[in-house]
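You will see two complexes here that share chain A, one where it goes with chain B and one where it goes with chain C.
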Partner chain A sequence: MSATLTITTDEWRYWLRSKLALAVVALFVVILVGVSALTNLRIEAEAHEREHHQEVSEETFLDQPDRHPHRMVHYGHYVFRAPMPLAIFDPGLDAITGQTLFLEGHRQNSATFSASASSADLGGLSWLTPALMYQLFAPLLVILLGHGAIVREREAGTLPALLAQGLTGRRLVAGKLLALALFVTLLLVPVLISGVIALSAGERVLAAASLLGVYLVYLLIWVALTLLVSTLAENRATAIAVLAAAWLALTLVLPAAAVNTTTQTAPLAGKIETELTMLTEIRDLGDGHDVDDSVYNDVQASLLAEYGAASIEELDINIRGVLAQKAEADLTETLNVYADRRMAAEMRQSDRVSAHGWLTPTLAVAVASRTLAGTDLFHYHRFLRQAEALRINFVQGLNRAHAEALSYTDDINRNRDEASWERARIDASNWQVLDSFQYESASASDRVAGAQWSIAMLAAWIAVLTLLLAWAGGRLKP
Partner chain B sequence: MTTTVKLEADALQVYRSDKEVLSGISFSLSSSEVYALLGGNGAGKSTTLLSFLGFLPAAGGRVLVNGKDVSADHKAARAAIAYLPEAASLYEHLNAFENLRYFLQLAGRSEDSPALEAALDRVSLAPASRARRLKDYSKGMRQKVAIALAILRDTDILLLDEPTSGLDPSAIDEFHDLIRDLADTGKTILMVTHDVYGACQVADRIGLLRGGKLVGEFSAPTDGRIETETVHRAFSGRTVDTQLAV
Partner chain C sequence: MLQSEVWFLLRDRAFRVWVLVVLLFSGFAVWSGLAEVAQQRQSIAFLVDADSTDRTSEFSAQGDWGSAAYYSFHLTYDPPSDFAFAAMGQRDASSWKHRLRMLALEGQIYEHDPGNPELALIGRFDFAFFAAFVLPLVLIFLLHDLKAGERTAGRFNLLVASAGNDNRLWWTRSLLRAIGVLIAAVGPLLVGGVVSGTSAASLLGATAMVTAYVLFWTVVCLWLGSRQHPASVILASLIGVWVLLGTLLPAGGRVIIDRLVSVPSGADILMTQREAVNDAWDLPVADTMAPFVARHPEWTGYTHTGDGFDWGWYYAFQQVGDQTTESLSAAYRKGRARRDQLAAWFAIAAPPALLERWLQKLAGTNVEAVLDYEESVRAFHAELRAFYYPGLFGDAAFDPARIDDLPQFSSSE
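On to the complex of A and B.
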């Protein structure tokens, strides 16, 4: 057996004979398995629930009786975002972005959360996800097992004994590195299982494998950092103190600071101010319900010309439906300008936070993780855009039916008496303009491309630390 | 047995953290010799041993192992030397056999169990203790395992850093017998100590190190040991620096 493997084997033997190490690793594994199982159940329950709600919502819409078409525009429709398969590992921003949208005419609502609480909720513990276990707590485990790897030998006097036998410092460090690398690889088995479950739920191998890869690199970064400190430290107490400080800084302080500085240096425009300017702009657009609104004089004139009619009553088409389409299109254009602006600002802010991954690998891995899982801000925006596409499609479909399937006369006389009310309805088959909603995530390769900067940051971290470790191993002295 | 020079320090000067720790010391050991480097705390004893292993560069002069300059080939020096550091340099999570096997494997040797038993017999470590982890060992028992390792490494030269500190008197006697025994089988042994009595009991020659300078050297008469009283007076500074050759 090579010297490196001999050292690796002995390190494992040392851990296996240490009750504390075994106890802590066992505790971590128990919590990890528990959190993984509960997150899995929760996400699966949510997936079923949303799929069910989506079906019910579509059925309810399509099952509506004959009605006035504009009543259906206001009746509205719910869409639900199905969780991504890898959300069982990293629910990412899903927990704070909302997964339900109420779609109706004349408005773009914001996403909310499903009304019913999910059946497998952890009772307030749902923030604790498998991803977070790896991002925050797995490094502690690496520190616990690895902090003494080299400095322990220095304290026990076995370091000079080994070096005096002709063993090189680099060889010793390599042996310990391999031992810890093996440990973190085993620690990733639950991620592998989550990946396989995600694959069976339709996830692509590329995304699941990349996710596994970024966590492996992330934990190897902690292995290298831990060994570096253990190699340079004079004693164990120093090693622990330095590593504890590094853990606090890298996993908690710096990510929080990144968010704070970003919200201060790149604040989002205040929601209320933006909404007020938007409302002012919308007010100038005119009211599509009101045929006499002067804003629509031109439309009216050109319609009359087109159909060679003298008055709107003579038109072969219901002008109220035409104006509703025009008004909805104008309104949506304005709403989209504001929505795009807001989403762009949010993305800018999110990108700025992500850039701090050069400073801390925890942020880099968190960003890469939710990007690959499809639970990031980008995917939330994608959901909003897909929902909006569905909304404008069915609202305009109803408006078209309003224009074509209901005569103007019947329409304006609808409140005269019971019989007129009946005449102002159109056939329920018109409700088929509603497409079924199926949220589509970005492709696996697009997600990997989206995570490329975070992956580059992790690569830079591991490269620099490996070089430092090689240097520190080379200068190891008795 | 022909006597060849196994270890030699020649006007050796060593700096540690910009401080001169050894100021041009010269001495040499021939095969089968036991040499005790005697000195107080901070005299430069451990530094001298580390220099023979090539861990500290010579700022002036040279150190030679088997006639070869260590700075030119520290690998050869380390392969020729078994070194017992000051601290008990074995693993507490391993038993005696496991310790021996681990160190031997890393030194590129593999010894079968009978060989390990034989070495532990030679240092008379109680057989009942051998399968117990070293965390339950006394300092004397650890020292025995360390010596057994040195025996198994089968090097010509042994460097021992304060091997008897912390041992009880009977363990020290036992240890000295073992050292003499090893020297008689041809090993060259350089040990550093601040124990005047022990040095006189075991060494063929004693070098007195003070403040990084070799201030005296004593040799045993052909038919006896070095006289403790003489060395003690020199060590405690009651005589002027001399190149005594008793």
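On to the complex of A and C.
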């Protein structure tokens, strides 16, 4: 054991003497801290702004004067997607997806206004986040520091000497491994800090700790790969060239190529395309504004029977409100079928891309990171679903008020004159059917469960590389 | 010397491997770009057809102008250009198709029909990405150890002694390698261009850009590579330059530009618009008609029929809703355009961003193209209003046959 530790401390001493290594690491840390601070500020400003808009939107709705209830159904409401606490580390889809969703009767709108649509366009890699720094650039540091670990001794001719002193090849590799492992652990301190900040904003320990864990495994994968190449390579130049090529393939090429193959093999029909089919289906449903729509004959008949009334005017409730509820429920059922289908198709695409994590750990860690942070596609869909639940809830609440708080006679005579128009209003206290909107992520354990495949991929990568490294270490002979 | 260098190069295994890799990457990028464009064209063809069928059945089923306008939707779209296969650009993040009707435009134009956001986040491996980010790394891998490699092999002094002028030797070696990589990169692009019928000017322009870009990186490699450092140090510094130019500068530029130029928040645009349109239901009719007539004096004589619902009044407050948001939405457009202009200037300092932007400009997939498309949508919506208003505010009787006179959206293909 002490031999291993000696190797480890020697390696650290070697790095501390290297001006290049020190400079690059210092630069990386400075940039990382800068990017973390900027992302933190940006997300916090966004959170503040969206919460403010949410409050204003709710107040505006509740402050509306007495009105015809169906006016409020069309008046609608806005919800805002507040960022998740860990978005300060991995904003994920935050900038790509719309932040605002308009909720109204008879429609499911799409979320609009994404930050990326209005930002200055400076190329594919300009959305720099702390997460991306670790996914793309931390491996470069590992390569820079570690590529020479073994091959350097070989080139300098010190390798046979080391091994002749009774040190086994595996021990030597283990010592270097420990040195690099210590280095990447220290490199993760900023993730820890982001995690602590997120905890204070309400994040769970499990999620933050898992996030730290997947990045540690990810960097250890690069440590193992680097040492493997360093053990097998003939000289330093070959080692660094092979590693740089591997980095290019694994971090830049394969994830983007996975997007290409997925859009080819699992294309996604556009929203307009599916809505055209949906519109035809919706037109066959009844028009809830029209009491005489033949679709509602049954509803009318059963209501009359229930209340023992001879005509709809004699009913104790306003049939227009009842029909509005029925129509909204039927319509929503169809809308949800299409919305679910759309989300399922998107998830299928995302799963297919994620499966490429078996080929590149960068994709595996990126997917796990977004899932744990609650900034992935699943959570975006979750936002849409929570917003829809709010929508149907207040719309049906208003329709219920329409049925119960406004008489049928007043309702149908509303356009007769000014006084009738006044009578066809209900009290503003009915607007309280609107619930306050609080976008919530899945529980930390659900998020960890959601990331299980990506975590399995990372585990497979580290397991295979460790085995290979043990084999390569065993081959080192004096 | 040139002949022997070419001969030497062709026997260089690393060079042959990398040229093959570049050929494969470029070919894959171009091939999937072509497939994507074909998919988008197919989807547009389907939509144009389905849209027209849907409108025909809806329009002719109506009995008055108001309902006809309410139930008729119109497809607008921005078809991929003949060079879009090389640079998908904004097409993955911004809307290039809408389906509108004659309601308030501000409530419709920001509707989004995007692809999968997770895929947009990772980004596509298109030719622009390949050329801007992957190609320089390949050049770096190939060129960084030309000198250092010979030094390590102990041939450096011999080579310099026999070749005489040492600079010329390294220039020749570097340029020959760069040319090999360039041919492998641009070859598939040209083939793709021929397949997709791209104009010669676009292909020539793209080739010139990529050539200049490859030359830039060759010079950078030569300059840093001529230092007397071990190959690994040179490689590390070159990758550092790549990270700086490809990521750090653009990321910084984005933050600075977005800070410098503010755009109104989407929430403000939407809520202002909603208030205007929805309040109108409860406002006196005159409050809506006054600003409407101020914009359209020709309909001054229009009188609201009856106390209840009236289509003319309804569409008038839709338009007044747009009028209320005009300044905000103009600021949103201007802000985006200004940010894009500044980004264009800033990109001069970051060649990878510059190349991507150039290629996207050629492909008509840049921010400018998105804004142009939005303008064409606005113009089309105005045409719709011009078509319906005489029926709504004048005394033109509704005639289902007038469907043939409906404005047609023509894409700027």
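Brief remarks follow.
Everything that follows uses one rule, which is that the second predicted complex is superposed on the first by the 460 of 478 C-alpha atoms of A that agree within 3 Å, B and C clash if a C-alpha of one lies under 4 Å from a C-alpha of the other, contacts with A are read in each partner's own complex, and residues count from 1 in each chain.
One rule holds for everything that comes next: a contact is a pair of C-beta atoms (placed from the backbone, for glycine too) under 8 Å apart; a residue touches a chain by one contact, two chains touch by 3 or more.
Please read these numbers as outputs of a predicted model, since none were measured by experiment.
In the superposition on chain A, A:Gly169 contacts neither chain B nor chain C.
Of the two partner chains, chain B is the only one that A:Arg17 touches; chain C does not reach it. Contacts of A:Tyr380 after superposition: chain C is touched, whereas chain B is not reached.
In the superposition on chain A, contact is made by A:Arg71 with chain C only, not with chain B.
Touch criterion met: A:Val353 reaches chain C, while chain B stays clear of it.
In the superposition on chain A, contact of A:Asp417 is made with chain C only, not with chain B.
Judged by the touch definition given at the top, the superposed model places A:Thr97 against chain C, while chain B stays out of reach. Looking at the superposition, the partner that touches the larger set of chain A residues, chain B or chain C, turns out to be C.
In the superposition on chain A, A:Lys271 makes contact with chain C only, while chain B stays out of contact range. When the two complexes are superposed on chain A, none of the residues of chain A touches both chain B and chain C.
Chain C makes touch with chain A in their complex at residues 14, 25, 28-29, 32, 35-36, 39, 43, 46-47, 50-51, 54, 75, 89-90, 93-94, 97-99, 107, 110-113, 115-125, 129, 132-134, 137-138, 140-141, 145, 148-149, 152, 230-233, 235-236, 239-240, 243, 246-248, 250-251, 253-255, 257-258, 261, 263, 265-267, 269-271, 274-275, 278, 281-282, 306-309, 332, 335-336, 339-340, 342-343, 346-347, 350, 352-353, 356-357, 366-367. Those residues of chain B that touch chain A in the complex are listed here as 50, 53, 55, 75, 78-79, 81, 83-94, 102-103, 105-108, 153. On chain A, the positions that touch chain C within their shared complex are 20, 24, 27, 31, 35, 38, 49, 53, 56-57, 60, 65, 67, 71, 74-76, 78, 80, 92-93, 96-100, 102, 109-114, 116-128, 136-137, 140, 144, 147-148, 235-237, 240-241, 244-245, 248, 252-253, 255-264, 267-273, 275-276, 279-280, 346, 349-350, 353, 363, 366, 370, 376-377, 380, 414-418, 421. Chain A contributes residues 1, 3, 6-7, 10, 13-14, 17-18, 156-158, 160-167, 477-478 to its touches with chain B in the complex.
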